[in-house]
Amino acid sequence: MVDESLIEGRPGFPGTAPSAGGMGGMGGFDNPPMIMDYAQALNQALREEMRRDPRVYLIGEDIVLGVPFGVTKGLADEFGPDRVLNAPISEAAIVGSALGAALTGLVPVVDMHFADFVTCAMDEVVNQIAKSRYMFGGQVSCPLVLRMPYGIGRSAGGHHSNSVEAWFLNTPGLKLCMPSTPADARGLMKTAIRDPDPVLLFEHRGLYRLTGEVPEDETLVPLGAADVKRPGRDVTVIATARMVHESLAAARRLAGDGIDVEVVDPRSLVPLDRDTLAASVRKTNRVVIAEEGPMRGSAGTWLAWVVMEECFDDLDAPIVRVAAPNIPIPFSPPLETFAMPAANDVVAAVHQVLK
Amino acid sequence: MVDESLIEGRPGFPGTAPSAGGMGGMGGFDNPPMIMDYAQALNQALREEMRRDPRVYLIGEDIVLGVPFGVTKGLADEFGPDRVLNAPISEAAIVGSALGAALTGLVPVVDMHFADFVTCAMDEVVNQIAKSRYMFGGQVSCPLVLRMPYGIGRSAGGHHSNSVEAWFLNTPGLKLCMPSTPADARGLMKTAIRDPDPVLLFEHRGLYRLTGEVPEDETLVPLGAADVKRPGRDVTVIATARMVHESLAAARRLAGDGIDVEVVDPRSLVPLDRDTLAASVRKTNRVVIAEEGPMRGSAGTWLAWVVMEECFDDLDAPIVRVAAPNIPIPFSPPLETFAMPAANDVVAAVHQVLK
Amino acid sequence: MYAGMVRVRSFEERVRELFAGGRIPGFTHTSIGQEAIAVGVATALAEDDYVLSTHRGHGHLVAKGGSLRGLMAELYGKATGICHGKGGSMHIADVSVGYLGANGVLASGCVVAPGVGLAIKRRGSAQVVLTFFGDGAANRGPFHEGVNMAALWKLPVLFLCENNRWASTTAHALSTAGGSIAARAAGYGIPGESADGNDVLAVWDAVSRAAERARRGDGPSLIEAHTIRWVGHFEGDAQLYRSKDEVAEGRQKDPIARLRASLEALGLLDEAHAARIHEAVAGEIEDAVAYAEASPLPAPDDALTDLFVHYPWRE
Amino acid sequence: MYAGMVRVRSFEERVRELFAGGRIPGFTHTSIGQEAIAVGVATALAEDDYVLSTHRGHGHLVAKGGSLRGLMAELYGKATGICHGKGGSMHIADVSVGYLGANGVLASGCVVAPGVGLAIKRRGSAQVVLTFFGDGAANRGPFHEGVNMAALWKLPVLFLCENNRWASTTAHALSTAGGSIAARAAGYGIPGESADGNDVLAVWDAVSRAAERARRGDGPSLIEAHTIRWVGHFEGDAQLYRSKDEVAEGRQKDPIARLRASLEALGLLDEAHAARIHEAVAGEIEDAVAYAEASPLPAPDDALTDLFVHYPWRE
């Protein structure tokens, strides 16, 4: 279970402030602490996988110093400039080169800096990376990871707040995961790196400083395994990334009203663990879906469809969705807060689905 | 009503063969024929709007000769090279420049050549075009049209068969339409050009040679107005673009079994005419959604959600969807046919929703 | 020009304080040390010329004559901001002075600019459009596509690279093969010029010549202006990647001090006059701050306006 | 090299016939007239060097030693095709000979190639990777980003532009500012060379030198090979945009006739020998056609295989 201390507060945009967990200049986690933050957990996963497999390398902008989120901090010290490549500001070449390297023997982990900038390498992701293995009749595989720091928060504005996961859900040939806790972040990153296919790992930038327990031994979280973050009887809330925490906060509040909410985190969207979702819905018969992307045509839209497909007859009420409105994310705090789905919205949705 | 003569056959990929309608070297339609094909209807709309408004210009690759689909053929003869610009192969600059021109007084109509290549200008579409007006607090408007020739067919293969509309549905700030007939093509193109906001017009390349009646007078088809292409009592089939015709073919076959299918064409996805969709569903209580995009996270996924939201209690059976499987579109004819949704699939879906 | 640079510097210094004091939310990239470029450009351009800017755009807007009140209120996220709080530092625009937008996506202006050039050409006016971009941004594809298109069609576009030696933590030399951005112009058959970006007159001169050329219909030019940023890449940057010497070098090449020395030598400026300028500028900026402080925040559901011209749609 | 060019030419001519006869579905772009480039490149490269190709890629693959049977069967869309019918003309690959794929999206290879270069560099082998692209494609952003990255990191990458004067209906001069693609190399500090793409020896020479340089660790080169395409942009192209003279010029500069004349002059080839080559090549090609004709089509639901390594997922 996650440490929930940070949940009520709006998770922040961390800048380069030293992390609470003190990963500062240490450069390593030989004895992983039991408690670490999401960024440290990702850092540890990268370090472990780079030690395990010399084919793994990192490429992206400003990753030697790990700016702006600290995820890759210290790795250049251990693995050197051949395995931690600060690239020019050339997203198409960063992503395209990862494909070339993956096809010929390496395992790239690409830092998109902000998921928003995948728009500058969209052909490379959807036409080249996603399709190479298929179009070439299985002659090649394409083992690479795209790290997609994303999320709304801290007035980052329209160009640094896009939720783009739905585009890639709609692009056959890619796997997608969205960890919500430090443990899941570490476990999914390790799995993604070992997976022989391209995996997009969405890291919510509002969670980087969220701390939580991480198992001491090397635990892989499989793709396609949802996780019940909180069991409950009355309503199923299917939530991703930051909205898992907002939903847990909502569940605590609703518990006070005697409403017992189950929070299910799919963890990976492709492949999707339909069984765990369906089992929860068959138990509660009422569903809320909570995400951060814009309402129209989002990943949550797909999750709603899956629930309909699996459990139409089990539903006692129409599904209620929590998502951002269909606008770019505005800058000013009150506007951004308006656009950013939160625990309140989940509480309201649960009340609505119980009506 | 459309001419349905071409519907049973698989609509083709036209290359540069002279069109059946004889638009060849004529260079104009001063007296519009009552029957024309979809490409001619688009051509006429462009011509009329360029005559009406000197701010309108066309930009794209190979549009002077109108290669490969003939939509812009002859327009350079009438309007000259200042208004029909053959651009270098620079999709980002083609689309980005359209924004610059739109912000400063022109009305660009951009030919994406194939919708697939919007991946080469993705930042320009989703971060620049979609967001400029909003982020700038309404100081500017952005009147431009992106023509998106798309669709599966004729073994075009993985890089020329993408259905990308769902990505833009999920991008606030864009309007989207998908004409299925020559009349709608002309009417929606004219509306799109006059609209003060950016509009993506998806032209299905399998429909370019489809002929149909087009009103002699200038008829605008509003955005946000669905059209009932065939009234029926038993099942509502919501279909877009080529799937409208496949659904009409399916309806004719099903009529033989005494099943009366209503075919509803949303025509525009943003804005979406929820009322017409809902009215149909309230009448039939059973819904099939038919589209060409891949099943996961597609535009049809969104339409299914809208139906659930509007009409949950009116549904007598779970919605059934017809879409492509979650694979890139393969080259070889039997594989492509397998991946390409068709009338058969709609017939099967209707039987399923009636079970 | 002196007043212009002082205005930019003072504005940015005030922004830094306000950011540190928690008054300004979001990301903020200031242009302290780089004022000569913004002001040299704005002086060389006419009022109705257009500018496309970057994430480091306050100086460009201040120099182009944008309203300090509107800009400061926007940085605060206030309803009275130029963009009603929707844009903020990285996505601000002031169309009334031809400033067509900062940009959170690097190099995007390079492809937008040719379209502005097309519109100018169509209306037959003598305007030009100038797009700013950084040395880091110059490595993105849009640079290539935009320069090629503008050169091909002889559009009145100026490409102005602010080379401040760094793209965030990455040194120019480690991201730019060949080292010179100006040298890339030759490949497109257009003039490429390297200018001292710490010398406002040099920038003014280079941009003036390029603008004249563009107005004559001879097409675009590329100017690489070398400068030094004195402060962090963004507010909060620990700057572990560079030595203090560089900032010292920057201060030593201070474009404001330099112009002042020249003007004083020419007898065009004296202590008293300079003091009046500084005072006047300080007054303008305090006025802007006071305005921003006093302005209301937008109502939360103002978030739903300004998306489309005909608002609202049904969904 | 003579046999190589004859093989490419004959293959492409046969493809045209088969396409016209409805045996080959899809889009097809042939390289007739451009054989000297494919063969000059393949001769200069080693067997384990890599190539990234374009929409006009048959010749590159034939020259690199790809299986004619596998290639022809792929063009037919047969189950025995190299890609089991999933790729077709524009998305074919034969990894066994280092051919990492044709590409339906222009210039994409320019950014993939640096990654292949990185992998080569990491394993410390003496390999190189060469990416083909057209004169039209050179105007896309990936050209700029890929060349810069490869030059910056001194990667063993060769950028080979096939300048056949046209990008579909658009003349080179109307899409490329400055006119020369080779000249753009200077901006990145790498060698840029213009070669006669109708002379297989000139291509071989230029590529050999560039490859040697790359193997030495001195980084990438850009080669622009000028040639003429004799036929339409794609099969079915009415070619309204160009005069017949150009094709006549192409035929007059026929790279195959040219090499043959040289070889004959040197006494290295005579009528009888040439006839044997043509006959042998014709035999190979007819064998490939017969193989393709006799091969089964894939089963429709084979469409569901090859997406992921561990197939199937639940959805």
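Which chain is which? They are A, B, C and D, in the order written, and residues in each are numbered from 1.
Keep in mind that, in the parts below, a residue touches a chain if its C-beta (ideal position, glycine included) is under 8 Å from a C-beta of that chain, and two chains touch if they have at least 3 such contacts.
Just so it is clear, the structure is predicted and the values come from calculations on it, not from any experiment.
By the document's definition of touch, common neighbours of subunit B and subunit C comprise A, D. With centres defined by CA atoms alone, the chain at the far end from subunit B is C.
For the pair subunit C and subunit D, the distance between C-alpha centroids works out to 44 Å.
The mean-CA centres of subunit A and subunit B are about 33 angstrom from one another, to the nearest whole unit. Subunit A and subunit C have Cα centroids separated by 35 Å. Look at where the CA atoms of subunit A average out and do the same for subunit D: the two points lie 40 Å apart. Across the assembly, subunit D contributes residues 81, 83-87, 91, 103-105, 139-142, 145, 148-149, 152, 174-176, 307, 315 that each touch 2 or more other chains. Across the assembly, subunit B contributes 87-88, 90-92, 116-117, 119-120, 123, 127, 131, 134-135, 157-159, 172-173, 270, 296, 325-328, 330-331 as residues in contact with two or more other chains. If you draw each protein chain as a dot and join the dots that touch, every dot ends up joined to every other dot.
By the touch rule above, subunit C contacts subunit D in their complex via residues 139-145, 147-149, 151-152, 174-180, 183-190. Subunit A contributes residues 15-17, 61-62, 64-65, 67-68, 86-92, 116-117, 119-120, 154-160, 295-296, 325-328, 330-339 to its touches with subunit C in the complex.
By the touch criterion stated above, subunit D contacts subunit A in their complex at residues 50, 52, 81-87, 91-95, 100-101, 103-105, 108, 110-120, 122-123, 129, 141-142, 145-146, 148-149, 152, 305-310, 313-315. Contact residues of subunit D toward subunit B in the complex are 25-27, 77-78, 81, 83-91, 103-107, 136-137, 139-141, 167-170, 174-176, 234, 236-238, 240-241, 297-304, 307, 315. Those residues of subunit B that touch subunit C in the shared complex are 57, 82, 85, 87-88, 90-93, 95-106, 108, 123-124, 127-128, 131-141, 172-173, 175, 196-197, 224, 270-272, 274.
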